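Here you go, one structure.
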Amino acid sequence: NAGRPRIVSADKAFDVALRTRFHIDYGNWFPDSGISADLPDGFNVRRAFFGIAGTVYRDWAFEFTLDASSSRGTSTRLQAANIAYTGVPGWRFEIGLMQPPFTLDDATGSNDIPFIERSAITNTITNIVASESRAAVGVRKTGSNYMVAAYLTGDQAAISPVGGDDQLAAIGRGAFLVHSAQNQEVAIGASVGTVITPRQGTGPGAARPYLFADRPENRIGGGTLLVSGGTLDLEDYTVWGGDIGASFNNFWAAAEYYAQDVETRDSPATVADEGADLSFEGYYVSLGYILTGEHRKYNIGTGGWAGVVPSAPFNSQGGIGAWELAVRYSVNDLQDPDYVTPLEGKQTVWTFGVNWYVNAAIRFMLNYQMIDIERPAPLVDADADAIIGRLQFQF
Amino acid sequence: NAGRPRIVSADKAFDVALRTRFHIDYGNWFPDSGISADLPDGFNVRRAFFGIAGTVYRDWAFEFTLDASSSRGTSTRLQAANIAYTGVPGWRFEIGLMQPPFTLDDATGSNDIPFIERSAITNTITNIVASESRAAVGVRKTGSNYMVAAYLTGDQAAISPVGGDDQLAAIGRGAFLVHSAQNQEVAIGASVGTVITPRQGTGPGAARPYLFADRPENRIGGGTLLVSGGTLDLEDYTVWGGDIGASFNNFWAAAEYYAQDVETRDSPATVADEGADLSFEGYYVSLGYILTGEHRKYNIGTGGWAGVVPSAPFNSQGGIGAWELAVRYSVNDLQDPDYVTPLEGKQTVWTFGVNWYVNAAIRFMLNYQMIDIERPAPLVDADADAIIGRLQFQF
Amino acid sequence: NAGRPRIVSADKAFDVALRTRFHIDYGNWFPDSGISADLPDGFNVRRAFFGIAGTVYRDWAFEFTLDASSSRGTSTRLQAANIAYTGVPGWRFEIGLMQPPFTLDDATGSNDIPFIERSAITNTITNIVASESRAAVGVRKTGSNYMVAAYLTGDQAAISPVGGDDQLAAIGRGAFLVHSAQNQEVAIGASVGTVITPRQGTGPGAARPYLFADRPENRIGGGTLLVSGGTLDLEDYTVWGGDIGASFNNFWAAAEYYAQDVETRDSPATVADEGADLSFEGYYVSLGYILTGEHRKYNIGTGGWAGVVPSAPFNSQGGIGAWELAVRYSVNDLQDPDYVTPLEGKQTVWTFGVNWYVNAAIRFMLNYQMIDIERPAPLVDADADAIIGRLQFQF
């Protein structure tokens, strides 16, 4: 909390901090083959958060955040508005609009993720049941070496249009620290989610449209979708999978795998079989090395990675900040033999990253991506490279 | 001001506080008969305020507030931006975008209203001449047992589209404390408003469209309009009425009545008689009882109700907060014999409420509504029930 | 920084201030001849800024600002999000979304400009290469009697839609204090800008549309465009010009001139000659006199005017604030013999202004405008008067 402007009452019953976060990216695309879409080069306002968070009346935490990043800064939405009762030690009862804990990648704050974008598979599944700004109520229990959480979730604020009835879903996640020592952690986790009542359009018999996809870990130009499971009329949805994170001194590694079972409701034109039961899967493996020796800590309280704090911040007195190298291999497989949409395919992305942590408030990131799309005939495969830089400021 | 983050200069000439307010609702509809519209269930972001208010240079108050609640948090508008000169004791000269004082219900802050929504009649009339974010200039004089206010008002920011010429209206309100003792107040008030120059569309001879209606004290699903006086081409408009508020220890009661005279300009298709002079009226009666013994104070300085502050906030040390029961009978009668729009009707709503004041910052509300619409033949009557819960956080 | 809420760490390494700015205008048009557009009367939310700015880790400045003024307060955009390294004395290395230094008028903050709107010529040219919310990276060097700045600029956040590739441009500005004494400054400046890569629409062979125009120094009713160089398909663009500012005690004067060379790409219907090389120019001269004796200082650090700070703020203790009279003659000539768009013309505006500085936070402004449009036959000339008042609050 060093650099965060705070107002604290004498008895610590009130402790309120202003929060700011902006992530501004600049990128270029190098399409190679099979890409018909225009991939625009330029800058993107990825996040522009302004808000307030803290504690009131000792036992109540709150968070309120606006995000001015929509359409490159054109529009401001509500990113978070929630309260939590923390009066029972180890327990956290939360309600409001929030980002409920789900997967390792999503449990890591966007200020702390080692790559400019999270993995496509974790975005694909959290978008259905757990992403930010989501109406949710739940409980989290943490101990010295575990966290378990269960939440009922509804729709997302801001992103979902007002229309028919809201979705109702349930998610759970547990993470367990299986090894812990000075600058060493190994943790495993599991996440499961299911849609109890699908979101429904307006009017009787309306469709329940769900999109299974995520952009190729790149939002330059607004974010082009290169591969997609299409928009399906949902009957049932379940996702499950696991994660592992390990950190030894200045080296860290992570991996996650998720399988999705998607049962469609009836016979939309894009599905070969009425009530088809489709299966999608995805995973990633990532490695990181911090040249300047800092340790990236696994935070069992959130079930996610903490950020890198440079031991010698860059400034006019001579520090050089922290420097991190990272690589990720990521697969999002949105194919199924029962499935005939012309959009389907399997996306593979290699991302190579360099991160410069100037100080605890400022980070510059550079990612080089090699994107590869495999599609079943008669579709053609596609591939492209991309380079993205990020300016990050937060407190 | 206990829980409000403030920055105060040593000589008190500057005193600035951060302000946050979020009201997040979740509701279900139970339509019974005569309702053809889809009434979507789910959550709603009713208010999401973030701003700053205070005093600068000793004699000048200011208020600046954003509201991120539009379309469930998709968009952020300007809710208030005004200054007031308070250098003459008892007087307040205000200019800017504000919610000018009009009616008892509207003079009660949204954090303090006993029901999730204000009465339909007060919303209907303030929407024409006095609702929030309105360009206004005026003066308020307060004494120990009265307040009187007179304002010139223009259009609303954010809500009115930029187009033709703005409306100009005048409003006045007085409130008088006729009885006052320890934990006892009885006050009566009167409000009057008139449109001097109606809002006009773009181009010569453009219409002056005004909608006389309000939702059935329920905004779940974006807010369905069940009854309406229709969109009229306005020539003249006057509204007048009175209010009474009484509070004895932990019991309170309130009532308001307003009559509207609406003269239409010429012969739109929805009006039987050119230049018809239509009359609408509405009223409500409400009662409340605070189980835990707190007093809901009538604040003569604003001419509205203050909130309930729990004497024992709920926390891990054992308080249970404050609990309030409330009931309201509300009528919005938008019928007139001279009037042939197919939308007209009379809306009656019974609302039963339970409010839990956790502490001065957090309130949970639960309302059950029985909504009844009477319409002249050949239209059919309609009725529906609804349940709404609210999470409220503010400081 | 007197009235600005700040949070400062003991060692001054962190110094963060909340920032608010609202400019609310009310205006009436008096069209005389040749104006076919409806010119709506009413209020306008010209600026509604809320943000935070300051220093972190001693050497890093930052700025983050939202603006809720779009469409009279309907929508909130990102106005600024940038950081600057200030660890080398006299140098400022900046990156992010910002208003890079360009022209004298634009280098003067909107709280400090002597008229309600900046001159049409400076708006026209900064809109192409340097206006606020623009992705930019650059460096500024300041000394006791000079400032020089060079920036690479991209597109604007919020305003430019996401689409094809972004623009890349380069700008430079220098300002030099040629005379300086107690309450006396004379400074000259020069600005030059060029578009390196024009903004491009989506898809191969897409147009590069650029609009050369600005409203008649009046945004009431959303801001009507009375004269325009039209939307041109750009090949090359260069702008250059100079400025002079002089202030002696309570009298000040300023002038700027800019010439634009616009080479079109090929043969759009609005241009007579394929690849036409068009020339536009504009200038203004302004004078001011402060009746209450205050000095309007030229700030060489920013290369712009500082504001007027009243020596006796208006309050209940008897000050009257500061009163300033100002006049400006402004020309924006968007005609060229090679050019056949029916929109072209030459706009001349006389503006007479009175400013009341209540205190360092509050200013009221009143401008009377006489607007004159000359157009080549067969177009007709046009003229109109307008009156605008402004309520300004900031800290």
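Order of writing sets the chain letters: A, B and C. Residues in each chain are counted from 1.
Operating definition for what follows: a residue touches a chain if its C-beta (ideal position, glycine included) is under 8 Å from a C-beta of that chain, and two chains touch if they have at least 3 such contacts.
Note that the structure is a prediction, hence the values are computed from the model and not measured.
Chemist: For the copies chain A and chain B, give the interface type as same if over half of its residue numbers appear on both sides, and as different if under half do.
Modeler: different
Chemist: Would you kindly give the rotation angle relating chain B to chain C, two copies of one sequence, based on a CA superposition and rounded to a multiple of 5 degrees?
Modeler: 120
Chemist: So, what's the distance in Å between the C-alpha centres of chain B and chain A?
Modeler: 39
Chemist: If a residue has to touch 2 or more other chains to count, which residues of chain C qualify?
Modeler: 7, 18, 50, 66, 68, 75-76
Chemist: Could you list, by residue number, the parts of chain B that touch chain C in their complex?
Modeler: 7, 14, 16, 18, 50-52, 56-60, 62, 64, 66, 68, 75-78, 81, 83, 87-88, 95-97, 133, 135, 154-155, 157-166, 202-204
Chemist: Which residues of chain C touch chain B in the complex?
Modeler: Counting only chain C, the residues touching chain B are 2-3, 5-7, 18, 20, 22, 24, 26, 38, 40-45, 48, 50, 66, 68-69, 71-76, 221-222, 313, 315-316, 358-362, 391, 393, 395.
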